[in-house]
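Attaching a single structure in structure tokens format; questions to follow.
In order of appearance the chains are A, B, C and D, and numbering begins at 1 in each one.
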Amino acid sequence: MTLKRLCRSTLENISHVARNTYVLTFRSHFLSHGVSAGQFLEIKVPQCSDILWRRPFSIHNIDPENDLVHVLFHAIGRGTTVLSMLEIGEGVEILGPLGNHFHYDEHLEEAIVVAGGLGIAPFMLMKRELRQRDIKMQLFYGVNSSDHFCALDQFADYATLHLSTDDGSRGYHGVVTDMLIPYLENLSENASKSLFVCGPTPMLRTVQTIAQQYNIAAQVSVETIMACGFGACVGCAVPMKHPVPGKKEYYLACKDGPVFHMHEIVFDD
Amino acid sequence: MTLKRLCRSTLENISHVARNTYVLTFRSHFLSHGVSAGQFLEIKVPQCSDILWRRPFSIHNIDPENDLVHVLFHAIGRGTTVLSMLEIGEGVEILGPLGNHFHYDEHLEEAIVVAGGLGIAPFMLMKRELRQRDIKMQLFYGVNSSDHFCALDQFADYATLHLSTDDGSRGYHGVVTDMLIPYLENLSENASKSLFVCGPTPMLRTVQTIAQQYNIAAQVSVETIMACGFGACVGCAVPMKHPVPGKKEYYLACKDGPVFHMHEIVFDD
Amino acid sequence: MIDLTVQIGSLTLKNPVMTASGTFGYAEEFSDLVDLNEIGAIVTKTVTPKPRPGNPPRRIVELPCGMLNSIGLPNVGIDDFIVEKIPFLQSIDTHIIINVAGTDEQGFAECVSRLEDMPGISGYELNFSCPNVKHGTTFSTDPFIAERVTKSVRRSTKRPVFAKLTPNVTSISEIGIACENGGADAVSAINTLIGMSVNTKTRKPKLATITGGYSGPAIKPVALAKVFELACKLSIPVIAIGGIATAQDALEFMIAGATAFQVGTTNFYEPDATLTIKKDLEFYCQENNIPRLADLIGSIQL
Amino acid sequence: MIDLTVQIGSLTLKNPVMTASGTFGYAEEFSDLVDLNEIGAIVTKTVTPKPRPGNPPRRIVELPCGMLNSIGLPNVGIDDFIVEKIPFLQSIDTHIIINVAGTDEQGFAECVSRLEDMPGISGYELNFSCPNVKHGTTFSTDPFIAERVTKSVRRSTKRPVFAKLTPNVTSISEIGIACENGGADAVSAINTLIGMSVNTKTRKPKLATITGGYSGPAIKPVALAKVFELACKLSIPVIAIGGIATAQDALEFMIAGATAFQVGTTNFYEPDATLTIKKDLEFYCQENNIPRLADLIGSIQL
């Protein structure tokens, strides 16, 4: 795996792409090469010396020709709000790449991606990888309301979209997992297909049940609170489905993950 | 004395007037009326939630016709640097007016002002008051080098200037108190004259000696570290020249001052 | 209408917002900024039997998210206090708690006895814990002394007595229990942590007294742990103090078991913080359909 | 050339920059970010006789200027530690200090004995003070136990032994003196303060263990006061820990009496902080004409 590095870069662009949602673009030769979908970066919140920890974000996309890296994020708390107000040309400090990444089985023919809200973030880079490998992409993507959808056009040029909104403002009216069941129901052959999942915990829990029920492989990218992002604080514990009691009961989201096989982990609250 | 108030205002202007030195202007009907030279304001440092205390600044000048208040300040540490980067239209939170002010004896005919560096700040408002009262103003004003001088033109329209620089780049080459001695030496009558002093502690100590030697009344505005600015923290202690040992040994700079009679206080390091 | 009242022993506070001793002067300093009558209870700066000039400067240091102080309990002494400070305090329509300290058992009792006949005083807070005066903390690091002093004050007054505890001990609940046994109606916690700061240019301590009391948002997590410990172990009410700047902070303490709370350092830079917090608590109750704020006390889900 | 070396008992450190246990993993996590050989000494995460899975999540909480943790000493146990972690540590060209803990006197001695014959280990740090495990702090809140455990470890090793102290006591120097009497070559101070945080929405403690250890810049003033107290009262060296993020922070501690210092929480968000601090200390000495950094130790002007 690529070694991680501390990178100082400057902001190339920041754009408001959906409600409260931004794409931040910075230049880094190092980080735009040799990274894979699922890996993440830890970005320092500038100006706020009382905010200690860097903020973890999935690598949303890369543009290796132009040495650019994109991060898609939601301004949800103080740190991300400050990031959303950065101006082009300002310095950003980034640590990465971190964590493991999604794996594509050599027999994989179709990636069934399930994204809830900002869980969409890692899948743009995945689209790039799938296209390179000629693997089909089914994108099940649910959000609260249509103004939260991000980058639909960019996905549509390769993936088949299955959209849902909680409020029915676009696509299926309901949760994204409702759409997944009939789709899996009608699948003839599961061995060459795999689920790739990222989103809020209740969604993950549902997909975990569904995947087991339909006996389909599933990889999930989890988000936990992280102080470091590289195995130093041991704070990002994820309970193991099959622990060795008294010895090893937790994975580390940042080091053993963020991508896990669905059946390896337990989703706590 | 005017009651203090918490005022929310917006920045009308900020201008760079000398090396590292800025004039910040905001609109406030309340603070631009009924305030006097020597009084100060406590201004909140925006955006930085780890900087707790407000920053104290003398009222530099007022423009009651337009409801404007001016503060002259030096970007010296983190708080003042943030203030110097504020943009027009941003919000500022101000507490004031605070403290006492310079007094003009009814027989006062000439105010001999001694200012070192940013100690010039309160004297623009004093100029306004002196002009209204038809009291002459001699301004002894010393800085490190000529690019530190502020608002000389504005003073020159009323005061007689006696300038000095430590590096000789303008005016007398040396400390401002060197110029004061010959001036006092040649004064025929001291009773109708008074010193008004503000500047760094070593300068104050020298003026204290000189004032005593020449038997001339002197008022000084002191600066101490302040947590509150209105008598609540009891942190801004200034040693009394004539303490009541075991009972009252300190004045409060923010409440009993910031203006004191020279002979009342001791200048610590 | 939201019911914000809380009960501390025999006292009913119109709301749980109090001021922390030494951070609100004698209330007069805040009278043009805050409607004093709206505060749940005002605790005055520590008064001692004899006048005290306080410590030499430098007395205060600003730190990220906090501050150090070594004020040293300057005050005019109980005699002048009665003449100079009491009349204004009596004019305020809320509970007035006089914070007292002495250098020995008699000192505490003496202050309280002198005040006992004055109307307009609701109770006393015993400053067992100021770290800035010689022997200032022995009262609250030794449970036997803490109990004895509380008992002797208890005998001197019919009014409620709160014992204010230092966090600079191995077991704050041990001291709290001693005060409860001594007859305290409540404990107030915490006073400042012992802290220090050094000027690396001059190589001198920044405070004239070398070490001082650390306060402000930075100490909130420590205060919360201490308040929780006290609330678990004591049966008298706990009054929370330590880094409270917002209604959210106050709620954390009440959920952890505090009956009321005091706003300290925040008063210096947000002088109207007490009333902002009061208003925000009211909003919070409205939004969350909580008719009685007091129902939150100790509601922590373990 | 500036001389950055410092002496702790028989150990000469090439510079006073150490890593704090539990914040630098087993060094390997930092190997692609930091030239490990340049660090004065590396202290590893606590190892215990038996493996430990650690506490359930949530284990960490971010706070303004600080953080809480309740990691709970997860580790593979001394047996696997020797196989899995020691080889990499041995490859680093600097002092390696193994931080050990046990649930009783034997536990500490057992870890040390198992490691005693392994080359490439310079000494041991005894974690007397982790507040996140049951009975974790009794070793350093009771001077008799602290002395006894130190003695028993002392008998098990020829290598230097550092006792790591908790700040959550009335008198840290009382415990420090006990460790000195027990034969410790140095004390490390401080471990985390006990702290707490509450989620006001769910009314649950944010940490699964309710309270946890408070660390980061917010605890620096407390650490400085404790280190100063220890430096005044003990004759063995004091290794400073607590909120050190910059060379200026480190200088405050050294001036107050620390011989060396450990960088903790800062490693999480500035993983190259150790070397930045080292470089800045060198600059500082150059600019201030200080040929030997060690001359600053205890140079405080009172």
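We adopt the following convention: contacts are C-beta pairs under 8 Å (C-beta built on N, C-alpha and C of every residue); 3 or more make two chains touch, one makes a residue touch a chain.
It should be emphasised that the depicted structure is a prediction, and the values quoted were computed from it without experimental measurement.
Asker: By that same contact rule, can you tell me which chains touch chain B and chain D alike?
Answerer: A, C
Asker: So which has more C-beta pairs touching, B-C or A-C?
Answerer: B-C
Asker: From chain B, which chain is the farthest off, judged by mean CA positions?
Answerer: So the farthest one, by centre of C-alpha atoms, is A.
Asker: How far is the middle of chain A from the middle of chain C, if each middle is the mean of its Cα atoms, in Å?
Answerer: Their C-alpha centroids are separated by 48 Å.
Asker: When the centre of a chain is set as the mean of its C-alpha atoms, what distance in Å lies between chain B and chain C?
Answerer: Spacing between the chain centres: roughly 36 Å.
Asker: CA centre of chain A versus CA centre of chain B: separation in Å?
Answerer: A distance of 57 Å separates the two centres.
Asker: Which residues of chain B are in contact with two or more other chains?
Answerer: If we look for residues of chain B contacting two or more partner chains, we find 49-50.
Asker: Residues touching two or more other chains, restricted to chain C: which are they?
Answerer: 64-66, 217
Asker: So what shape is it, when you link every pair of chains that touch: line, ring, star, complete or other?
Answerer: Topology of the interface graph: complete, with all chain pairs in contact.
Asker: Using the touch definition from the top, list the residues of chain B that touch chain D in their complex.
Answerer: Residues 49-50 of chain B touch chain D in their complex.
Asker: What residues of chain C sit close enough to touch chain D in their complex?
Answerer: 63-66, 68, 141, 168-170, 193-198, 200, 202-205, 210-211, 214, 217-222, 224-225, 228, 248, 251-252, 255-256, 299-302
Asker: If we count contacts the way the header does, which residues on chain B are in touch with chain C in the complex?
Answerer: Contacts found on chain B: 3-6, 42, 44, 49-54, 95, 224-228, 230-239, 243, 245-250, 268.
Asker: Quick check on the complex: what are the chain C residues that touch chain B?
Answerer: 22-25, 29-30, 32-33, 45, 50-62, 64-67, 69, 71, 74, 76-77, 216-217, 265, 267-269, 271-272
Asker: How about chain C: which of its residues touch chain A in the complex?
Answerer: 64-65
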